[in-house]
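So, here's a batch of structures to check.
Look for chain A in each of the two complexes below; its partner is chain B in the first and chain C in the second.
Up next, the complex of A and B:
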């Protein structure tokens, strides 16, 4: 990830790559349920269809916040690709989530409110773990820059294995996958914060979901260090893990989710921080 | 650029039960399951009127559900199509003439495709939706113009319309149309 041209290309193509990942995911999920599944390009068909649908906006701020969610998430992905500051990346991502939570609260729909509540709770669940991983990375390389991790000769995975496990545990919360999909829960809150969007404004929220995949898989890729192939293998394994988990588990409620993240994932990340701090690994 | 052809590649479904016996609903869910798997055609049961294109309705419209029906219908952004699944949705079926419901859904909202059968087979539902998608593809921007709907009394055909009989009990003798 050193070449500036490659970086700019990746940033520009990030939504398209994310769409392909989403399409592949729907295909894989269907195959796991013995279905044939939609075509690989299905997310793009959805995208083009929504471009043509009538826009029904609740109020202009709500629609604007949806667009802002997409843009700020794209910024987070861009900084992550360029190898910028880890803390900045986390905060940009938090900003995008905060914006969509605000949008959820700005309508009068009760489902939107519930979804926003639950989104805020899932932020509470995964954010501390991410920050501790960032601090561990700082202890390891002496800088908050992600590029130092991309460049590390020994893969980061072998230096901080527990951090990787903690990341795997919080990924379903972040991607809104079962068992931790309370914030989207189609059967309960009908999609949560994205409920009131329609037309091209829904498109922004829908595409932001694809960018989320890119964001998450880049975080996983980071653990491969300078070894690109190890990074790609990790991404592939994580992809299979997330889909298998999504298909085989049922939703837990938000209290159980919070308890799991704060009592299991957070201590694991913390032990990893201690190990890195004292240079055990 | 004409985007019309993508409409039939990703029709998102909204499913509403307007008081049916659940027979047709189960058949609709069977369509979504592994055997018939309509996700092959990109259909998702979205459950959200603001993002749906195809509205699948089952059941005769009961008095409790008719306001919600019109409400949900008007929340769907155009272009949209409505598929009436099941005999009782098309004409009233076994419920026709009962005191608590009207004969069919098309007394309240425009219906594009009628799927017969009590309950209708999943194959029929898929055929009906495919038929509806042809209509969806040809819808133009004309339908996005808002029109004012007039409340007009439902003309009673030769079915027993017990609504007028029940009216005096509810609101002191005034004929009740639409609540």
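Up next, the complex of A and C:
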């Protein structure tokens, strides 16, 4: 990822790529359920249709925070693509989530509030694991820059296999996929934070979800190191894993999710940190 | 230089005395003038600083006065303890009096300087005088609304300046005996402050604060005793101790000093006094939490950090504070009272400051200084604002603040900025936290023994989790600050008293300006101070668009972009209004429901008593490793 042109193209196209991933995901999920599924470009058709709806908002602060969420997430993705400081990237990503949580709190909608609370709990669940992974990566490469990981000759996966497992465990939380989809659980909180958005203002929140795919799969790709093909294989496998998991599990409640992340995923990441620290692998 | 520094001690004392007698209008003018003068002096001192620390002695007669004052203070404490039948208070004070008398007889005589003003002291002067001065001005209005006799109002203002004087003296003192007196002075001042309202709860909490801080005093006496009786140390002054420490190899005095600091810093198990302190009028909380009292803790640890760095004492302190960081953050989640949330987050952030000070590497010390400074300004702003919310809007609980964005947009803006400045990039507190994680990571890579590696890994996990819990807490409060309905979309700032508006504006502008100026503040303000503490240069350099401090890189472009996006974006969100867009009611699934601000209240009370026991274990641990070394 050293080529600056590729980087800028990737940043510019990130939402579109994310949309394609989302389209593919709907397709793959449908096939897993023996349905045909929507066309690959369905997310974009939806996107166009939303733009045509009547403009309605609860209040301006809420609507503006939705836009801000999209922009700040795009920014975090951009820093990740450019290979910036890992800790900073995690914080930026956390803060883009913070914006949407604030948006959830800013209305007087019960479902929105519940969704915001649950999103905040999700942050508590996955953020420590991500930071521990970042520190392990530092121990490995001697630099907090993600570009050092992209450039790593030996694939990062072989050096920190446990970190990869920990990442796989928290990805459903991050992507709001079953069994850890409490924060938007449609049957319970009707989509949570995104409930009060509609029409053109929903576009921002909707496309931000696509950006989240890019963010997450870039993290996975990173484990391939300088070997682009290994990275892509990892991304493909993770993609199938996430969707298979989403299709085959039922939702747990937020306490179980938190407990799982802090007592299973975090210790795994921690053991990985120790292994890297002591130079075992 | 020395006379100017002395004026920082004398002036607040004079003002303090004058305020007791002057009429209200004159008191107002005097307070504002004194604040301006003191701030001006402290800033001037920093900018005209030389390469060498300023040392100066005082006439021998002062030694005697200090000793007499010590005994007078202890006598006062004993009397208070007897009158209010609190055995802990008078017992601890009597014990101290005994030890002090014994020490006074064995005190070695020698020619040495009692005051030692280095960059760290100058740094503290700025924080103390500017921030406390703002609090004093704010109190002019606040205390006026308090229901008490006119004399007590004057007495309140007077005590603030007394506090400033004690803090100034404390940051300049080199002689431990002097240091002990000023330490006790701040204790007594906080005792008088906490019991200001004279109801039962205030008196009780004041006594708690008194006996807990007595333990700090006792620890300082312990440090003096060990210094006198350990061959090689001799003279009980900070500078002497620090230069002798490597050759003598006994670190017990430092362990004692660290304990004194940790007690003032309200670390577990001594957190109760700081939480109890909020029964006092709000400016007191602002004073205790931001610029004075609790900041003694990181100050002491920073002062002794070259001597304890890498020793088991530092390790235990690091473990304790990492634990307190996460424990206080968890404790804060259960709170609903705004001031209690602030108090718990103070304890957590103090733990982080002390931790970084104890780590003692160039980046860690810089991070600690940044945290001290930015936390001081932000917390002052938040607490003073809490006072406005109580007096003007009658809101104390966060759950009742959900209408604040509509009735008091300015006040809610200040709270939002205050919390963001503790949470978001590129504010100093955030960068401090970020540096903490990165620098702890680097330490883990550098140390040799497996035990240290394991500890540093565990500490990292605690810091990371504690940080996540704190963010959760801040979201909760920030969320209630920007909550509004669609019906009243207009923003019109509420009218506030000029004193309230003026102090708030000043603090708001300071927070924002210092954030923008951070790339210059780090090399120009924080790094020189850090350099004096660690006794070697702190390498700071601009490399392209990044600021590197030793081995940590601060990329400036993402920082500036983040500032525009996040804090400014969120503030903009409070004002931006979309035109030609229809408004819709919130969706409630077709049901007619009462709206309540729905937030999780975490019941963490079951866990909190154990935190105290864990804290006690750590304190014993500090002494034990200090003794065994």
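Everything below uses one rule, namely that the second predicted complex is superposed on the first by the 281 of 281 C-alpha atoms of A that agree within 3 Å, B and C clash if a C-alpha of one lies under 4 Å from a C-alpha of the other, contacts with A are read in each partner's own complex, and residues count from 1 in each chain.
FYI, a residue touches a chain if its C-beta (ideal position, glycine included) is under 8 Å from a C-beta of that chain, and two chains touch if they have at least 3 such contacts.
Keep in mind the model is a prediction, meaning the values are calculated, not measured.
J.: State whether chain B and chain C clash or fit side by side on chain A once the two structures are superposed.
T.: Once both complexes are aligned on chain A, chain B and chain C fit side by side.
J.: According to the stated criteria, A:186 is in contact with first (chain B), second (chain C), both, or neither; which is it?
T.: Only chain B; A:186 stays clear of chain C.
J.: After the superposition, just quote the angle formed at chain A by chain B and chain C, using C-alpha centres and rounding to the nearest 10°.
T.: 110
J.: Taking the superposition on A as described, I'd like to know which of chain B and chain C A:49 touches: first, second, both or neither.
T.: The answer is first: A:49 touches chain B but not chain C.
J.: After lining up the shared chain so the two structures overlap, which partner does A:106 touch, if you call chain B first and chain C second: first, second, both or neither?
T.: Second partner only, chain C.
J.: Applying the touch criterion given at the start, work out whether A:202 contacts chain B, chain C, both or neither, answering first, second, both or neither.
T.: Touch partner of A:202: chain B, not chain C.
J.: Between chain B and chain C, whom does A:135 touch in the aligned arrangement: first, second, both, or neither?
T.: second
J.: Once chain A of both complexes is superposed, is A:123 in touch with chain B (first), chain C (second), both, or neither?
T.: It touches chain C, and chain B stays clear.
J.: Which partner chains sit in contact with A:36 here, chain B, chain C, both or neither? Use first/second/both/neither.
T.: first
J.: Taking the superposed arrangement, what is the smallest distance in Å from a C-alpha atom of chain B to one of chain C?
T.: 5
J.: Share the list of chain A residues that count as touching for chain B in one structure and for chain C in the other.
T.: 54-56, 190, 195-196, 198
J.: Over in the complex, which chain B residues touch chain A? Could you list them?
T.: Its residues touching chain A are 3-4, 6-7, 9-10, 12, 34, 37, 39-42, 47-48, 50-51, 53, 75, 77-79, 144.
J.: What does chain C use to touch chain A in their complex?
T.: For chain C paired with chain A, touching residues are 402, 423-425, 430, 434, 437-438, 441-442, 444-445, 450, 453-454, 457, 460-461, 464-465, 467-469, 471-472, 475-476, 478-480, 482-486, 489, 553, 555, 558, 561-562, 565-566, 569-570, 572-574, 576-578, 580-589, 593, 595, 597-600.
J.: Which stretch or stretches of chain A touch chain B in the complex?
T.: On the chain A side, the touching residues are 26, 30, 33-39, 42, 45-46, 48-56, 186-187, 190-191, 195-199, 202.
J.: Using the touch rule from the top, collect the residues of chain A that touch chain C in their complex.
T.: Contacts found on chain A: 54-61, 63-65, 68, 71-72, 75, 79, 84-85, 87-88, 91-92, 94-95, 98-99, 101-102, 104-114, 116-117, 120-121, 123-124, 127-128, 131-132, 135, 138-139, 142, 144-145, 190, 195-196, 198, 262, 266, 270, 273-274, 277-278.
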